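The following pair of complexes shares a single chain, chain A, combined with chain B in the former and chain C in the latter.
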Partner chain A sequence: MSHTTPMVEDGPTGADRLKPFVPYLLVLPGLLFVMGILGYAVVGGIILSLNETDMFMNKTFVGLKNYIDVFADPRFQDAMVRTLSFVVISIVLGIFMSMSFALVLYKVVRGRRFFRGLSLVPYFVSGIATAVMFRFIFTTSGGFVNTVLAQLGLPAQSWLGDPTLAFAVAIMANCWFMVPFASLILLGGLQTIDKDLYDAAAIDGANPIQIFFRITLPLIKPMLGVSLIWVSYISFSTFDIVLALTSGGPLKATELVSIYMYELAFQQLNFGQGAVLMVVLLVFNTVLSLIYIKIFVMGDRRHSEAGK
Partner chain B sequence: MAEGYVEYRNLRKSFGGLEILHGVDLTIPEGAFAVLVGPSGCGKSTLLRMTAGLENVTSGEINIAGRLVNNVHAKNRGIAMVFQSYALYPHMSVEDNMSFGLKMRKTPLQLITDRIKRAASILKLGPMLDRLPSQLSGGQRQRVAMGRALTREPEVFLFDEPLSNLDAKLRVEMRAEIKALHQRLKTTTIYVTHDQIEAMTMADIVVVMHDGRIEQVGEPLAIYDRPANLFVAEFLGSPAMNLIPGTIAQDADGRCVQTEAGMRLPLDSGAKGTVGQKVVYGIRPEHLQLDPAGDLPIRLTLVEPAGWETHVHADLGGQIVRMVSTKRVAQRAGDSTTAKIDATRAHLFDAATGNRL
Partner chain C sequence: MRVQESGPMALLFQRLGPKVLIWLTLTFLVIWTATPIIWAILSSFKDPLEIYESKSLLPEVWRLDAYRKVLSMPGFGTWLMNSIIVTVVATIVPLILAILAAYGFARYAFKFRHVLLLLYLIPRIIPRVSLIVPLNDLMSDLGLINTYSVLFITYIASAVPLATWILVGFFGSIPKEIEESATLDGANMWNRLRHVMLPMAWPGVVTAAVLCLREAWNEFSFVLALVNQTDMRTLPYQLYMLKDSMGIQDYAVYNAFTILTVLPLLLVYLLLERKVVDSIVSGAVKS
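Moving on to the complex of A and B:
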């Protein structure tokens, strides 16, 4: 206690002053770890994209040359258009399927936990195994689908040989992988809705379709946003399934940006241009996620003005 | 003769193999405020939900306004319901919450506006129409839920424990408000509660339910004064009626009830029952009073002064009895004194059946 200053009762001690920072300090190691790994990859990728790098990893700074070359590359332009249609179809189909599964699982009363667990199995199967399975299903001679078609007296299709069909099969395989997790998120959302709301809406005279669009959907908007982030991210970044399923063929019909990135970086050893594609995917994923968050999570009316 | 507006005939409900309503027969006249009251699990909420069309009828009939509604969809029954959770649509403003049902019915816009204006003025919701439910207090949400029901202008209002989520003070206010609303609108109302005070204070007709059966139907004070059986006697009234087992015996001045401890409880000369019959003697706390000139020796175990009334717990021949006195009580717990019973207010129940003698 100082002689000159007046006595301060219960003045903040050192520990008290630190208190507000404790939560941040506790989060810090994990944050540094994640930021380190992510940041290293992202920053490393960006540096790579601005340099010419040879196979001994000697770097020469070239500015935006790689970007200019890549954007002028017709093969990249094709891959980009293909990726965008792949993503859009995957999102529409994936969200539709996820919502359908979530609604079915929500209605299942007996054994819901079992079916919920079961529905996650595709998510735990590795991409390569998924691709191999889809090849078995869609192989032209003796594949499951063609065998069924033959039984029905329908002509066999060259599923993985025809560019359009192969593209469709790739989308199906992608959905097969990403839908379980997305439907789980949506199911979680459905379960947060007070069941009385459905009773109230029934008495109010809303039919099931009106109830879905005017009650259910607005109330699971945040979860819908999260599943959209997931579905878009997986579709943009899908790589192993498509590589193992079609290797980008036939006739580059399934060559997505991610596949071309692998081709550029690891087949042609053009690390700089490969890194440009990485940056492109990163930008698309980030921008889309931010849009979803803005629209679906921040725009959720229940919370926007509440809690003041 | 008042026409039954809502009628139940031998109504039964089973979930799986479990029957939870065992044949309900009940007639609610037009314009009445009927309260279904009973402990949780007695089937009162199920009965209300069946009336609303939210649960199927297993067997029996529900008639609303002379129309059999067993297979009529909830939206076409002419009912509006207020839920315990309020069930307000969280993403819609107060106004949208109130107009949703009308919009679903394709009501003309002008009519919707008029009805919302009217409901808002009745319930003082005017300044809140643009707000979201999350921005309202519990009592305001309750009002919005009522407003939503009101705009529908239903033939029957259904309330499912609407005050359970409110604090004690607000509950008393809303109780009065709902009753005032009913007196103004005179719409037939069925109100479910487990709170016997709500039942007593609000109802024109109280329906006491227990284990999927109706125990007694009647005006609140009629039931209070003449409970049909032990369950009703114990359920209605707070503090609950004192119930003392004993046997009817002959005394010098007439009959009385002799308790197991040998205490003699007075009976009115008009009381039913025969000497030797095993009975349960019921006396409400306000009819058992501390009285220095009384003939029942008691020992006080707890004295709870509540201001204008005092609750006293006392040991009467080995049984704890409760008394309510509007006089201040000077004695303390542990004191021995005497009490007096108003014999004309004693209730007698058959010990075997539990029914009123």
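Moving on to the complex of A and C:
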């Protein structure tokens, strides 16, 4: 290995002068889109949140007035509390389901490919279609659940008409949509674990629960982190599922921050206050993601590097 | 405690318990995953009045009326074409941009590499719906509302980071030596990318393509915020609008429409299922 070959070798003439720029030329076109659109939207949204808009979208700078108004608005406070409980319940239920699914997909021998393939199907169904399907599972007349109840001779329920039940159905639809991806990530984690570790633990007399908490869980920590980021990202940004399922009702029982943001900006044409809600969503989601990365991914990397 | 008992029942439980638990969970997984889709399919073949009566799970007569009604909706061809056009553009363009960027990140050491890589990552943790307010404001100022361009650029922008992150992983895992030997044989960068990197990272390219396809086909928030003319709607948008546009809801039509919007993407997934599932399980796809 006496000489190393440079990666770019386009001849000694003009191309040589371009060489240092090659990586930038490769990377920048994509970044232009990302920053031009998404980056602009973030910055533009923050600026918008400091302005008051009228019906013709004329903007006047008002400082933090929108923030003060929004935080004092009981409807926003309710939406915030609702979103937080929606996210917390979704994360707990979603991770529990993902972990259970990942464990059985790992354990099952016969039909393994089939079950895995099937488990990911909801990931490819759009949020709107998910919502419509769940509406027809739970709708009062003609819904799957009430049809089954009728066959069993039980009374029908108004699932989407009752505030608590509708909230529960929204969480179920959200889980249906987001769990498949999370469980395959966890399954990937399970497959990296050396089987000898399980055998050794079993010989030492550890029971399955001890094995799960002492061996499995610590070893799949990074993948657990990734699924947590996914699950909370999806739950925080849930919009299409709830909008098409309940439109925020009944009695605002499912009005999340994202739904209220849409209502403020696009129905009441109050873009300034709508932008405040955007900033709130952004801050919550970013902070949560950074916490997960710090705990699960970074912490683990440092740990494994120290171990080397 | 139960583990220490040694009666015959306890032994039986010890031996069968885990198996029963696995099969129960697996049964739940199948029912949970399949029920919403199967119910929508069954309902789409029923008579609208039959659905209201909730008498039986299976249709009395399997009717195709609902599908006929959907296909003969005046705008259906337009919405389908809109979805196809937007999806094709928002898959191919991000894929090309991502292949270039991922090659740059995976193979070159350069100033600001980490910062630029981070700029590609950050958008993945921004809730897309939160961007619709400023995007609507910007695109109204630019006069781009109700155009294909506005859908193209927003869809592309949100797909590029995803595809780039998948491909950086795949390109990075290809040993540098293989490329170096191609260089010695006189291959320039384009040839190396085309004849060495892409074939070797093919499962990654396919996965990235399928995931871009998925994002574009299913996208809703952007089209909702940036389009308001009926003939600019995509299928998911129209599916959402059906809720308001039908006076007395024809549930069979609603279900048939849902199935027709979901089916094309599911077929793509079925064809490429192996590569996609393997890529996700192997940890190559991280949201």
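We take it that the second predicted complex is superposed on the first by the 260 of 308 C-alpha atoms of A that agree within 3 Å, B and C clash if a C-alpha of one lies under 4 Å from a C-alpha of the other, contacts with A are read in each partner's own complex, and residues count from 1 in each chain.
The rule is short, and it goes like this: a residue touches a chain if its C-beta (ideal position, glycine included) is under 8 Å from a C-beta of that chain, and two chains touch if they have at least 3 such contacts.
Owing to the predicted nature of the structure, the values given are computational and were not obtained by experimental measurement.
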Exercise. Of the two partner chains, chain B (first) and chain C (second), which one does A:26 touch, if any: first, second, both, or neither?
Worked result: second
Exercise. Just chain B (first), just chain C (second), both, or neither: which does A:132 touch?
Worked result: second
For this session: Considering only the touch criterion stated at the top, classify A:124 as touching first (chain B), second (chain C), both, or neither.
Result: second
For this session: Pick one for A:81: touches chain B only (first), chain C only (second), both, or neither.
Result: neither
Problem set entry | Residue contacts with chain A in the superposition, chain B compared against chain C | C
Exercise. Which of the two partners, first being chain B and second being chain C, lies in contact with A:101: first, second, both, or neither?
Worked result: second
Exercise. Can A:200 be said to touch chain B (first), chain C (second), both, or neither?
Worked result: first
Exercise. Of the two partner chains, chain B (first) and chain C (second), which one does A:285 touch, if any: first, second, both, or neither?
Worked result: second
Exercise. Across the two complexes, what residues of chain A are contacted by chain B and by chain C?
Worked result: none
Problem set entry | In the complex, chain A residues that touch chain C | 4-5, 7-10, 20, 22-27, 29-31, 33-42, 44-45, 48, 57, 100-101, 103-105, 107-108, 113, 115-130, 132-134, 136-137, 139, 141-144, 146-148, 150-151, 156, 176, 180-181, 184-185, 187-189, 191, 207-208, 223, 226, 229-230, 233, 236-237, 239-240, 243-244, 258, 261-262, 265-266, 271, 274-275, 277-278, 281-282, 285-286, 289
Exercise. Can you list the chain A residues touching chain B in their complex?
Worked result: 194, 196-197, 199-206, 210, 214-215, 218-219, 221, 300-303, 305-308
For this session: Provide the residue numbers of chain C that touch chain A in the complex, in ascending order.
Result: 3, 18, 22, 25-26, 29-30, 32-37, 39-40, 43, 51-57, 94, 97-98, 100-101, 103-105, 107-108, 110, 113, 116, 119-120, 123, 125-138, 140, 153-154, 156-158, 160-161, 164, 179-180, 183-184, 188-189, 214, 217-218, 220-221, 225, 236-237, 239-240, 243, 251, 254-255, 258, 261-262, 265-266, 269-270, 273-274, 276-277, 280-283, 286-287
Problem set entry | chain B to chain A touching residues, read off their complex | 49, 52-54, 73-75, 79-81, 83-85, 87, 89-91, 100-101, 104-105, 132, 134-135, 148, 152
